[in-house]
Amino acid sequence: MSEQKKTKVMFVCRTAPYGTIYEQEAIEAMIMFGAYEQDISVSFVGDGVFSLKKGQDTSLVGKKNFSMTYPILIDDFEISHIYVEKESLEERGLKEDDLATEVEIIDRNTLKQKMDEMKAILPF
Amino acid sequence: MSEQKKTKVMFVCRTAPYGTIYEQEAIEAMIMFGAYEQDISVSFVGDGVFSLKKGQDTSLVGKKNFSMTYPILIDDFEISHIYVEKESLEERGLKEDDLATEVEIIDRNTLKQKMDEMKAILPF
Amino acid sequence: MLHIIKKSPYESSALSDAANYISQNDILLLTEDGIYAAKKGGKLEGFLKGIIQKNQVYCLLADVKARGIQENEIIENVKIIDYKGFVQKVTEHNPMTWS
Amino acid sequence: MLHIIKKSPYESSALSDAANYISQNDILLLTEDGIYAAKKGGKLEGFLKGIIQKNQVYCLLADVKARGIQENEIIENVKIIDYKGFVQKVTEHNPMTWS
Amino acid sequence: MKLGVLVKEGPYMHQAIDTAYNFIVAAMEEGHEITSVFFYNDGVYNRCSTLEPPRDERNIMKLLTELELKGVRLIVCVAAGKRRGIVNQTVCKVEEISGLGQLLELCITSDRMITF
Amino acid sequence: MKLGVLVKEGPYMHQAIDTAYNFIVAAMEEGHEITSVFFYNDGVYNRCSTLEPPRDERNIMKLLTELELKGVRLIVCVAAGKRRGIVNQTVCKVEEISGLGQLLELCITSDRMITF
């Protein structure tokens, strides 16, 4: 399929991990989507940025730690971009160092421009 | 059963109607509880006060209008008290006139004192 | 873009989160419990008025009526549309739901 | 009373609603996504510190760890307790969950 | 236009499926095509075959059957369904169960994707 | 102490049942009695008999069976269950289904009621 014909889809992740299943099921969808050779990107906005916090240890709550998946989304699952909103990080007292994986930290206006280019936006 | 032995239970309704089912299922529980001759009260706090707004017409959303039940909770279903928090009404621009039924409008501190007397609090 | 809100602004950050992403030519649609943002006299009235100065704001008739809000209780310049109007807005703008 | 919070203060009004009802001798327990209220450096740090000045505030160890928050990232004077500590607080105070 | 629909919340608990239903009916009346309705997260519960709401309340199963009869394709995510117990024995129609690839397919083939 | 538990959210979607489970285990270890666990609202989904979570994920049905074996009584609200399709054919145990009066009974007989 030629580059031009790829469909641009963005997951917009706005929820914190573990309190609800949204983030986990969003990742499950990202992984499946990666296999179809489209242009899939992921953005973290609002409480979604907490999903990337490093050092997660879910042993005492009895849940699966899915934060391990973020570092391999791009290389193993063909996700095009992982964007994180700068302002949301700052409001929550998080720095780049606090994140479990390498991401593109961009400001709201820049992220909005990316959203405007999408064919479909999937909020989680 | 003597007055002293009645169990004091309070429903604390904090959610707006129709967007979620919490208020409707709270009412269903209130109606059942009324039959057991205990001391059941209901309080509306935060967005819960919107449940009492008069003039609800659910015909276009296809849902049941359950606001008709509030005016008969005390007389028909033996609920002891319906309290509404004054500050929550004010913050939402609602006056006593806007409500679908007669209630006891009390301030936060007074409502808190009532809560402190309860054996069980059921949040909805 | 069409920004769709379905939670109450008094209990959820959905509207204020969305507000950061409403750029020129974007429109806002209040549905379900999001309707309460359009009610006059509440402490958040000023917030919605700020958005209205720059962008078109709509609210869904069926949800307004369900919640007992009369037309004269709706903040000025918020337009009321029905489900067909909702459909039309979706055809005109790419939708994003802030839930 | 024991006030239990399980939603993030950044997206839900649960904590600020509860704060209106925390009277003398009441205690606050942060669980699940409520944990984020106890994280240092966020824009809501001042809000929790206001509560701590008058009331005991606890957070649940299992939820703190799950969310990758280290002990030194927790606001001072917030006490960390495990599920047994949670149970003990419930036996000492009548619980109310603000969800 | 071709409109794809994603439903993420369960029946009765949230208004999502009611709003989606009314939106879809209006869209079809206006001559638009609904490419499919994909049920994800708690949305899969909308296709549980044993819903028994009180008689004076709307029956969401019937509303969705009505859409099906008008030609709307309903798809229940297999993974989200299994996790919640919406499987072959409990789903309205076994043929509705499908994978997440169908959601991406919807994004590709629809002019607009809307989430409820 | 006698502790009554009310669960209002469904499995996997929310953390409520996980927190409730860990709370109950800790309470029993400390010698407290769990009067019952009452499932209301979406909480009724926790007792759906067909949950099939992935193998590397916790199985909420098994966790609840474990509590039952320790003597904890589980009660599913009949009205909330019917509305959502958790009925005789789909619930883990038919005997668990009961009315809202049981919730009030719990308030009366428990020293504390806690909601998850």
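Every chain is named by a letter (A, B, C, D, E and F) in the order it is written, and numbering of its residues begins at 1.
Simple rule for what comes next: contacts are C-beta pairs under 8 Å (C-beta built on N, C-alpha and C of every residue); 3 or more make two chains touch, one makes a residue touch a chain.
Model, not experiment: these values are computed from the prediction.
*Asks:* Provide the labels of all chains in contact with chain B and in contact with chain D.
*Replies:* C, F
*Asks:* Using the contact definition given at the top, which chains are in touch with both chain C and chain D?
*Replies:* Chains that touch both chain C and chain D, as defined above, are A, B.
*Asks:* Please name the chain that ends up farthest from chain D once chain centres are defined by their CA atoms averaged.
*Replies:* The chain lying farthest from chain D is E.
*Asks:* Among the chains, which has its CA centre at the largest distance from chain B's?
*Replies:* Using the mean of the C-alpha atoms as each chain's centre, the farthest one from chain B is A.
*Asks:* Over half shared or under half: which fits the residue numbers at the contact of copies chain E and chain F, same or different?
*Replies:* Answer same: the two copies use largely identical residue numbers here.
*Asks:* Cα centroid separation between chain A and chain C, in whole Å?
*Replies:* 27
*Asks:* Measuring centre to centre with CA averages, how many angstrom lie between chain B and chain F?
*Replies:* 25
*Asks:* Give me the residues of chain B that touch two or more other chains.
*Replies:* Within chain B, residues 14, 18-21, 46, 60-61, 63, 119-121, 123 contact more than one other chain.
*Asks:* Multi-chain contacts in chain E: which residues touch at least two other chains?
*Replies:* If we look for residues of chain E contacting two or more partner chains, we find 12-13, 15, 19, 22, 41, 57, 79, 112-113, 115.
*Asks:* Multi-chain contacts only, two chains or more: what residues does chain D have there?
*Replies:* In chain D, residues 6, 10-11, 13, 17, 32-33, 62, 82, 94-95, 97, 99 touch at least two other chains, as defined above.
*Asks:* Which chains touch which?
*Replies:* A-C, A-D, A-E, A-F, B-C, B-D, B-E, B-F, C-D, C-E, D-F, E-F
*Asks:* Show me the residue ranges of chain E that touch chain F in the complex, using the header's touch definition.
*Replies:* The touching residues are 10-13, 41-42, 45, 48-54, 57, 79, 82-87, 89-90.
*Asks:* Would you tell me which residues of chain C are touching chain D in their complex?
*Replies:* 10-14, 17
*Asks:* Could you pull out which chain E residues touch chain B in their complex?
*Replies:* 12-15, 18-19, 21-22, 56-58, 63
*Asks:* Which residues, counting only chain D, touch chain F once they are in their complex?
*Replies:* Per the stated touch rule, the residues are 4, 6, 31-33, 60, 62, 82-84, 86-88, 90-91, 94-95, 97, 99.
*Asks:* Spell out the part of chain E that touches chain C in their complex, as residue ranges.
*Replies:* The contact residues of chain E facing chain C are 1, 3, 8, 15-16, 19, 22-23, 25-27, 29-30, 32, 111-116.
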